[in-house]
Amino acid sequence: MTEGKGLRGAYDTVRARTEQLCAPLHVEDYVVQSMPDASPVKWHLAHTTWFFETFVLTQACRDCAPFDPAFNYLFNSYYNAVGERLPRPRRGLITRPTVAEVYRYRAHVDSAMRRLLSAPSSLVAERTVLGLNHEQQHQELLLTDLKHAFACNPLRPTYLPPRQGGASLGRAPAPVRWCSYPAALRWLGHAGGGFAYDNEGPRHQAFVHAFSLASRPLANAEVRTFLEDGGYDRPECWLSDGWAARQAQGWSAPLYWEERDGHWWHFTLEGMAPVEDAEAACHLSYYEADALARWAGARLPTEAEWETAALACPLEGTFLESERFRPGPPCTEAGHPAQMFGDVWEWTASPYVGYPGYRPPEGALGEYNGKFMCNQFVLRGGSFATPASHLRRSYRNFFPPDARWQFAGARLARD
Amino acid sequence: MTEGKGLRGAYDTVRARTEQLCAPLHVEDYVVQSMPDASPVKWHLAHTTWFFETFVLTQACRDCAPFDPAFNYLFNSYYNAVGERLPRPRRGLITRPTVAEVYRYRAHVDSAMRRLLSAPSSLVAERTVLGLNHEQQHQELLLTDLKHAFACNPLRPTYLPPRQGGASLGRAPAPVRWCSYPAALRWLGHAGGGFAYDNEGPRHQAFVHAFSLASRPLANAEVRTFLEDGGYDRPECWLSDGWAARQAQGWSAPLYWEERDGHWWHFTLEGMAPVEDAEAACHLSYYEADALARWAGARLPTEAEWETAALACPLEGTFLESERFRPGPPCTEAGHPAQMFGDVWEWTASPYVGYPGYRPPEGALGEYNGKFMCNQFVLRGGSFATPASHLRRSYRNFFPPDARWQFAGARLARD
Amino acid sequence: MTEGKGLRGAYDTVRARTEQLCAPLHVEDYVVQSMPDASPVKWHLAHTTWFFETFVLTQACRDCAPFDPAFNYLFNSYYNAVGERLPRPRRGLITRPTVAEVYRYRAHVDSAMRRLLSAPSSLVAERTVLGLNHEQQHQELLLTDLKHAFACNPLRPTYLPPRQGGASLGRAPAPVRWCSYPAALRWLGHAGGGFAYDNEGPRHQAFVHAFSLASRPLANAEVRTFLEDGGYDRPECWLSDGWAARQAQGWSAPLYWEERDGHWWHFTLEGMAPVEDAEAACHLSYYEADALARWAGARLPTEAEWETAALACPLEGTFLESERFRPGPPCTEAGHPAQMFGDVWEWTASPYVGYPGYRPPEGALGEYNGKFMCNQFVLRGGSFATPASHLRRSYRNFFPPDARWQFAGARLARD
Amino acid sequence: MTEGKGLRGAYDTVRARTEQLCAPLHVEDYVVQSMPDASPVKWHLAHTTWFFETFVLTQACRDCAPFDPAFNYLFNSYYNAVGERLPRPRRGLITRPTVAEVYRYRAHVDSAMRRLLSAPSSLVAERTVLGLNHEQQHQELLLTDLKHAFACNPLRPTYLPPRQGGASLGRAPAPVRWCSYPAALRWLGHAGGGFAYDNEGPRHQAFVHAFSLASRPLANAEVRTFLEDGGYDRPECWLSDGWAARQAQGWSAPLYWEERDGHWWHFTLEGMAPVEDAEAACHLSYYEADALARWAGARLPTEAEWETAALACPLEGTFLESERFRPGPPCTEAGHPAQMFGDVWEWTASPYVGYPGYRPPEGALGEYNGKFMCNQFVLRGGSFATPASHLRRSYRNFFPPDARWQFAGARLARD
């Protein structure tokens, strides 16, 4: 993320980007927590700041007083080693500190960080890079959580001004081609050079069986056909737990979809818009992605398969939600998908576990990834909301299989 | 509430009072809903306005467009006859309309109301008086809900600046005297003259057995002794449902009480303060009030008994929370309690049902009181947060027996 | 219940009756608990026996060992003063003692009781009478709980052989007449002479306003019309809590009713049978009874009104469920309803509270009634399943307003 | 399971074994369902019979009427393709068919099966073998579920007569040795020859990194030390979801453990017994197994590692619960663990997913395994309650990570 520019410049860029994302918001929009898994915007702003204060500033200056000692309780996300914390479902109950105070907190920590970054120790540099990647993760979460909160409001406020008129573009998606890969013992995981999270290593060998991967992710057209084919009402398409979730939560279409007068619309950060056939399907749970794959006579790829295919794929990203679609040759001349980043995260069939030889780091930062290796599935790629400099071929995102509020779709695979 | 001044003046006074109550707040404080039974301040501001718009303006001018048609969905509390509405537990998810927009809504409705009140029809006048009483109820609820939300924040924000130092005043409460009343067939309910809610009538006769009533409500000193006597751990003091609530919710002291270094403190609108022995006990559920009475070898009064005693009692009120105490002669020369209003609401032993001959009015406003006559207990009197002009001897407040966030205490009775 | 025959004979009669009620059962039928509010038959058999052992035998012989010391934990219902106990929802998890052992327990306690009853002290006699009334209550509960359990089984086992063919009798109910009563100061509560529970006294005066009472309870015909009139879908007919219960629990007809090919059937102890228009409606919650009354432009009677009317009504009872109907003159010549007992319990509009001057007895038996005086409504009369000798004009049955598995209907009143 | 004897003989043996397991039971013991994940013994007896009736008899004779058409609803476990079914948590509500009727059902199906097995088609033979393996699975489940139900009863009934006196044997477990394996591309999955479930194939290659495996499973001694070291109170030992489960469910020791006067006891099928240090630890959830491994500075093995080590290990089993321990050389001369079967199931670190190329079979039997490949972890080996002929090196058992009522322990691994 930080290659090719100084750390101080990277710090300024990332921190400013977070605040730019908040420019369209009113104070009220910062406070709300629309479900236990989401967090208020205000909390994201403060938590990312607390991360620098706790893991960089306090480490570098043991005698420096924190901005406010109470913030460690309020803005610690899940680090048991750092102390007690506010239970996650209560983050939306906290009116104070006010938004203005949180911005003062950011400014205060930014000043101290900039002083430190004028001559950083290697530990400071390493932790700062981690903190910036952490903040980039929260930039995306800020948007997913905000979208969920806005969607709860029957007034349907919009984050960005609407771009589309009421009429659908009506374009069909490109036909799927299958990019094929032979069986091989392959090297996987982060190869070194630049930042990566601990869970992207150790680099290791794995035997990857022959497979084919679809040239593009599932499009809304396929989801619509699945719907029309009764897919949401046919248990044979679903995992047992998936069917139970569908029943318990009453799913009958992807999250944010609504039928109006026989046409499908969905709520976007730019307001209600027609569901475009050609766009990558989004806001799918793992269960829905898996059901779509079964229904289509295919399956989801493992993350080893996905990473194998991604090695030759360009890292591009940062689109508007309404531009979640780029046509392109189905497989490149070299036989790879032309695009695997920057539209939607792609659910893989791989449960999230550590790679062979993985050990979490010592100390509080060992809690960053390791303790979540259970009951989640890996997503690969990156969405339109993922900062472009945050995309990486070895990146392992992960969510529980019933999570739908992320910008997550799927790509099919076959043996 | 409106005696002695013009309706237009009353309107201005009450509406202004609501906004004055919000003067100490930040925008963030308006948005939060800390539990399903509470509402955000913003919602109180808008709902009371919607009440005038829906039941006065729209009735008077059938063709007048509402300020925003969506507000009927957002700010209808529970009137089925007026249409669908936002489920109560979701009121805290609504970031828009912003606080500023809600104030514009208030101003818009106030303008129209003032025009209408320059020559009101009798229906307009009657509905306006109802709306003002309704808004006064919400003035108190706004404070109870705000106190609950502030108490959820570990930073413990305060609504008003602290008045007390850390030291307790150490005053003991006045000893209880018993004011006695003979058995008699008595007239109860609102006698006419001035506003009353429908549930305060019909005026009717009831045979009230001989009883004695305590000269003052239970004080914190008695609650402390109950605590020290193990009252919260002795099922024989409690109703069966009360004991179940105490177990399920982990009650070990009144709401907002905290023990620090062997001393009891409680959260108030003016911040953390020592629990003063002489103050009226507050934030009790019915179950706790009943248990305290059993433990004391007494009982709670029926509402008939309470109203009998209150007939000669002065209507005074509006105190600071920290002044929830007025000494005074235990019974007046005429044998009545000297004070029954303006400190805490007093739980009675009477389940909330209609009086003999009670019928809810026709139409949506019939939903104001009648449909709640089940699973609640009547409270009488009025708290420091009740507007003084809203106090009334026939007033019937009501809450479920496990509600603790109201400004509610109790007064003992004996046969 | 015991008038006109010796206590020893009454003991034998009641105890034998309980076991006769179990004659049609298989061992498996004794074990199941179909919901937390119900108990297994085996538990009823053992609990009623434990009652005699604990409150009679152990009192009379302090040194006598209990049959099995563990039974005090298993078969104590709710007496905190007697020690810890198995949580009610877990009663259906207990395979041992076996049914055969429970019958041995009964025989053991019966032997000891018979010895004691050959020359009972006054305390023994008083406690025995209480125990027999207690067992009679459980005889009815045994049937209500068994019916609920059988109804959970899609095989629909029957307790008694079916009496009816598939065809409805098609009789219409007798038209309702209104029996009128003037306002008066009246004496209410148990007048002495024979057994009564503590909650039926003290006898006391109350001013009862003028009212009329329907000559018969609501019949299935009226429930059907309510249904056809959309009553289950019209919130304006319902209390607010009633509507919430109806929504949460999906009520669309009384418990055990099923529509088949456009006709209403219901599950009875004698199997599935057509809903007979002329029969008293049964398995109504308070909320449904109240909604039916509102819809009919009437209301439920208070228990004072009900008792006033019942004073001249004969105590008759014990019918088959399929004979829940006796025609008869709508009001007697003296102006009273001709039948108020022995078909269905009748919900009154009165929340269950103590009468003026009521105090629970000291000791564990004080828990029999007093601690439940909250969140319940009084039912009067008695059902076909109530033992005839258990019917009483001052009898106060009580259940929460959402309880539907009791044999409970309603009778209308008017001002 | 059926090698070396005729299919008809195998049928008789397995079916008889199920009924022998029930010999110590009373009728009451067959009925109870102690939690939603468990089933009543009666249900196990009937469901295994329904399996033969539905998937063998009905397939072989399309015109043959089922024993009772209602049984398809009652005793279908989870096959959506076979129709609607009784929700699992309601299995304990069903008093009928009685136990005697269920035995008649078994006898009826056994007769028909024996006729069919005198000259079975290949489909019949194949399905019968599946049905017998299915019944063997339920033999173990019957004991796990029965143990859970008995443990719910404060009387602590026992399934088998107690074998141990009150005194612990006091033996220490054998010291752990580490059996080492080099990195290699290995073949995994069922190699053909004899029965295997679909999920044990396809046989495939996987690259298995170098690892060491403990010579024996974790013993109670290690669990006790973990306990004494505060392991149940130290979040850093646990996965995040594991810690949440431990908090929510209040775990402070393995299931069935109880501390009495400073000594640990546990409930067994032979009654309460001292926890023997030398025995394999049992009734651990995956979360506890994982926490124990972290605390011990090790990890759980993957199923590839486990299967690699098991290839040379003898298949022995069927012990009493009290003999869950066999000493032995820590690694065999060939460097393998000497015992990996027949004491406790061993949690692996592998989430349950399909092997490369796995596809569920067509039709209802495709629901046997495939739809559960989500949110579970694989267990390998087999417990004392697993029929000896059911043990297999490629066998994949699976349960959710919070399941504790299975006979499940763990074995450590290291890189």
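Some notes on this structure:
Letters A, B, C and D mark the chains in the order given here, with residues in each chain numbered from 1 onward.
Please note the rule applied: a residue touches a chain if its C-beta (ideal position, glycine included) is under 8 Å from a C-beta of that chain, and two chains touch if they have at least 3 such contacts.
Computed from a predicted model, the values in this text were never measured in an experiment.
Think of each touching pair as a link: the shortest run of links from chain A to chain C has 2 of them. Of all chains, the one whose Cα centroid sits at the greatest distance from that of chain A is C. If you average the CA atoms of chain B and of chain C, the two centres end up 38 Å from each other. The geometric centre of chain B is 59 Å away from that of chain D, both derived from CA atoms. Put simply, the C-alpha centre of chain A and that of chain B have 47 angstrom between them. Listed for chain D are no residues, as none touches two or more other chains.
Interface residues of chain D, counted against chain C in their complex, comprise 26-32, 34, 42, 70, 73-74, 86, 90, 92-99, 149-150, 152-155, 157. Residues of chain C touching chain B in their complex: 78, 80-81, 185, 204-207, 209, 235-236, 238-243, 287, 290, 349-351, 353, 356-357, 371-375, 401, 415.
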